[in-house]
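Have a look at these structures, which come just after this line.
First subunit A sits with subunit B, and in the next complex the same chain sits with subunit C.
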Partner chain A sequence: MTQQWVAVATCSDISEDDTYAVEVDGRPICLYNVAGEYFATDNKCTHGDADLSDGLIQDGHLIECPLHEGTFDIRSGKPMRAPCVEAIRCHKVRVQQGVIYLQLEN
Partner chain B sequence: MRTIVVGAGQAGAWVARTLRELDPHESIILIGSETDAPYERPLLSKDVLVGKAEAPPCLLTVEQAENLNIMMRLGLSVLAIDRLAKSLTLSDGTTLDYDRLVLATGGRPRVPELAGIDLAGVHTLRTMSDARRLKSSLRAEKRLLVLGGGWIGLEVAASARSLGLHVTLIEGGDRLCARSVPHEISMFLLERHTREGVDVQLNGSLISISKSKHGKLLAMTHQGIQEFDSIVVGIGLQPNTELAKASNLSVDNGIIVDTYGRTSDPSIFAVGDVTNQSCSWMNAPPGTRVRLESWANAQNQGIGVGRALAGLEPQQQELPWFWSDQYDVNLQVLGMPDNQALTVRRGSQHEERFCLFQFVDSRLHAAVAVNMPRELKLAKRWMTAGVNPSPAELSDPDFRIDKFRPVTAT
Partner chain C sequence: METATTQLKQLGPRFELTRKDLLNARHLPGGVYSSPEIYELEKERIFMTHWLSVGRVDEIPNVGDYMTFDVMNEPILISRPAEDEINVCMNMCLHRGVAVASGCGHAKDFSCPYHAWLFDVGGKLIAAPGMKESEVDLSGARLKPLPVKIWRGWIFTNFSENPRPFEEFIDTYEKKLWWFQSGECKTAHKVEIDIKCNWKFLVENLIDIYHVGVIHKSTFGGFVKGEKIKFNLEKDGGWHTQYEARPHSKSGEQVFPTLPWAQDKSSGIACKAGIYPNLNLSMRADSLRMWHVWPTSPGTTRIVCYLLFPEAAFSIPNFDEELKKYSGFVEQIVYEDAAMVESLQNASGSKFFKPGPMAPLEEALHHLENHYIDVMVGE
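Here is the complex of A and B:
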């Protein structure tokens, strides 16, 4: 079943190269502004109990976990640095008139 | 070629995993004295003790090892190394030949020599089985003595308080975690633990332990006899260097290794808590060596040795870094704090969200963050790039540190 598109934030909420935490259907999500393009992943790191939204964006498109310094590719969810070995789930994002919409992936 | 890794903790597991990723053909044998497959130790003193997690994260399950063609042999130890024959004698009486050997033998808790230290109810905490045993003795309303005001001691004290035990902590020195944090952080930790109801006794001592008629542990201390149900000893780690010493490798507060993790024998490497390595991170004090007992070092040095075994060059050594979780406090330490350094504060100690930044010659030297992980990661970036905001900027709450962009001088 296809999930609904849900408005989750406005573009002005997230400055460039920054993160923004939201909840969609009770699920913690991290939004990213990567050089003006918006992405979304689950917010809980797949390794430890940490919020990726507290982390920093590295090398343009990697999110670094604030606890153990593992990284994921924001665009694909692929784990890029130890200790992360399990991918982080990505969610589809689209922007209309300054509003960010998100479609949850199960 | 065959590589044998002795020690199946975090460092040993990362060596095996990394080498396998880079070299599909090497024969890899990972030998561990514990019966549990390699796991990360940090949660043992926290989530595992309080029952929030059954077990800590596993780094290499038996099934994964099989799939990766890593022969994992658990519950087995190495008794001797024959360097000339390149062969090991194992505790089951067999021998194994190696082409390259990696010593990832870690350490064991230091135990003071005092009467009664072997009594039932006196614990140390290093392994999963230590944690299981200790956990079963931690019941609400029981009285626990923690000996040692370092990280293990403080984390056990916090876990025990959250389970409703009465906790006394005896530290021999005049402040908590004196070896690794500045004075202000010791004070902060003391205040927090005291507020949580831990009876922290500084400049104290444990002289002997005996058992009462009712099965209680009677601790003879600087304050006379105090009565407990359990005692946890957390006074530091003793590196397991015996095997290396008996084989005449260079050992001085750990096995001496170079930036590749090589010991004084070119066929033997060492990794993790047991190693004494040169400091080569950005702006490290020249000529200094250090033995690091951190999760991050076990992982990163493990990856480094795996790469070296596969013939790759070492990567830039990372700044020393570790964290501790106590109550709702996440504390992170970056670099080697120095009590003489110029220190500026950012954030609010009252709200338990603050950072200390330490400067030596206007260069950022170390940082400690309490519930401010992002600031610490920024500090790591600056220190790695060798460029940082000034002390005045860092202590100015209006200065946007996340917008500071290192302009590399080179």
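Here is the complex of A and C:
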């Protein structure tokens, strides 16, 4: 079943190269503004008990987990640096009139 | 308070009484059981130099399984990083020394709860968050490893920088303990009990046949003929013996199947051995036990007794119920002893306490107490 598009934030909520935590259907999500382009992943790191929204965006498209400094590619969810080995779930994002919509991936 | 060496020197004349031959000897003076300074010296001279059994391989059967343990306040982490590998290392973060793991369980790695330094299951440092700008080279860093030797399912380690070769240490027991085939057994249960006495009183108590007919009369004592027991005394405080007793059950009836290696022996076979400093090994026709005596302070000790059976025992009808009865029986024996050794502990600190003469049945205690003097003050 295709998930609905849900309005989750406005563009002004997220500064450039920053993160923003939201919850969609009770699921913690991290939104990213990477040079004006918006992305979304699950917020809980696949390794340790930490929120990626507390981490820093590095080298353009990497999010560094604040706990152990492992990284994921924000665009694909691919683990890029240890101890992260399991990909992080990405969610589709679209922007309409300054509002960010998200479609949950299961 | 005098240092431990001064105290031991002052006890010199008392040690001479323990040094006499069995029929003229007296037990060790109370001071060695009650002095905190001597306790600290025992840690250095005994527990930090001897090979110690710290658990069994079947307690951590799967890759990623681990358990933690303290030997006289030295925290260790025992883990299985690979199928055929057991690792023992200090459970102390390389940053501030906090224990990176607690309790036991299964982990993919260990994250120090203080600053999240991350270690793999084998103790290697994987990540040190917030340290990118540090100029200290942390590549290849790992939790301090301790040597590991596996003997008949037991994990032995040693805190010494230059431990005596394990093979030399275990040689006598490897050759003579045909009856302790613990490598063919699985752990059914671990009995753990804290007792308020010095560790040596419990090690001695586990050898002491003299008391069995008295305080264990209602459990198993009535069936042990103490006067017929002959001890084989080995070097380094070790000993082993074989005698006739009955299985460890309330009724005295055998409950579990006969051990494969005891099939052609008397049904009343009983074997016992001691490995210095803190192990006591025991067999009845249907079961094995190994007692670990762990000092936790000068006046407190933890007893950890592993109850072991070969695979076949686990499938008898009502196994769980029978195991519960058996382990209750073992606990009852410990509680019978506890009242005695706690009273002994009280006496050991009294100025009125004068150690009494040894009984002929206390031959193995004589051997052990003399080995203690050898280790602590030299031969």
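Note that the second predicted complex is superposed on the first by the 106 of 106 C-alpha atoms of A that agree within 3 Å, B and C clash if a C-alpha of one lies under 4 Å from a C-alpha of the other, contacts with A are read in each partner's own complex, and residues count from 1 in each chain.
By definition in this document, a residue touches a chain if its C-beta (ideal position, glycine included) is under 8 Å from a C-beta of that chain, and two chains touch if they have at least 3 such contacts.
Because the structure is predicted, anything quoted here is derived from the model rather than measured.
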* Asked: Putting subunit B and subunit C on the same copy of subunit A, do they fit or clash?
  -> clash
* When the two structures are overlaid on chain A, which partner does A:Ala7 contact: first (subunit B), second (subunit C), both, or neither? -> neither
* Asked: What is the contact status of A:Pro83 with respect to subunit B (first) and subunit C (second): first, second, both, or neither?
  -> both
* To do: In the three-chain superposition, say which chain, subunit B or subunit C, touches more residues of subunit A.
  => B
* Asked: With the two structures laid over each other on chain A, which partner does A:Asp54 touch: subunit B (first), subunit C (second), both, or neither?
  -> first
* To do: In the superposed model, identify the part of subunit C that clashes with subunit B, out of 27-35, 279-287 or 297-305.
  => 297-305
* Asked: For subunit A, what residues appear in both contact lists, the one with subunit B and the one with subunit C?
  -> 48, 66-69, 82-83
* Structure fact -> subunit B residues touching subunit A in their complex are 14, 40, 57, 295-296, 299-300, 303, 321, 323, 330, 373-374, 377-378, 381, 402
* Asked: Can you name the residues of subunit A that touch subunit C in the complex?
  -> 48, 66-70, 82-83
* To do: Over in the complex, which subunit A residues touch subunit B? Could you list them?
  => 18, 47-48, 50, 54-56, 64, 66-69, 82-83
* Residue numbers on subunit C that touch subunit A, as the complex places them -> 109, 111, 116, 118, 126-127, 129-130, 132
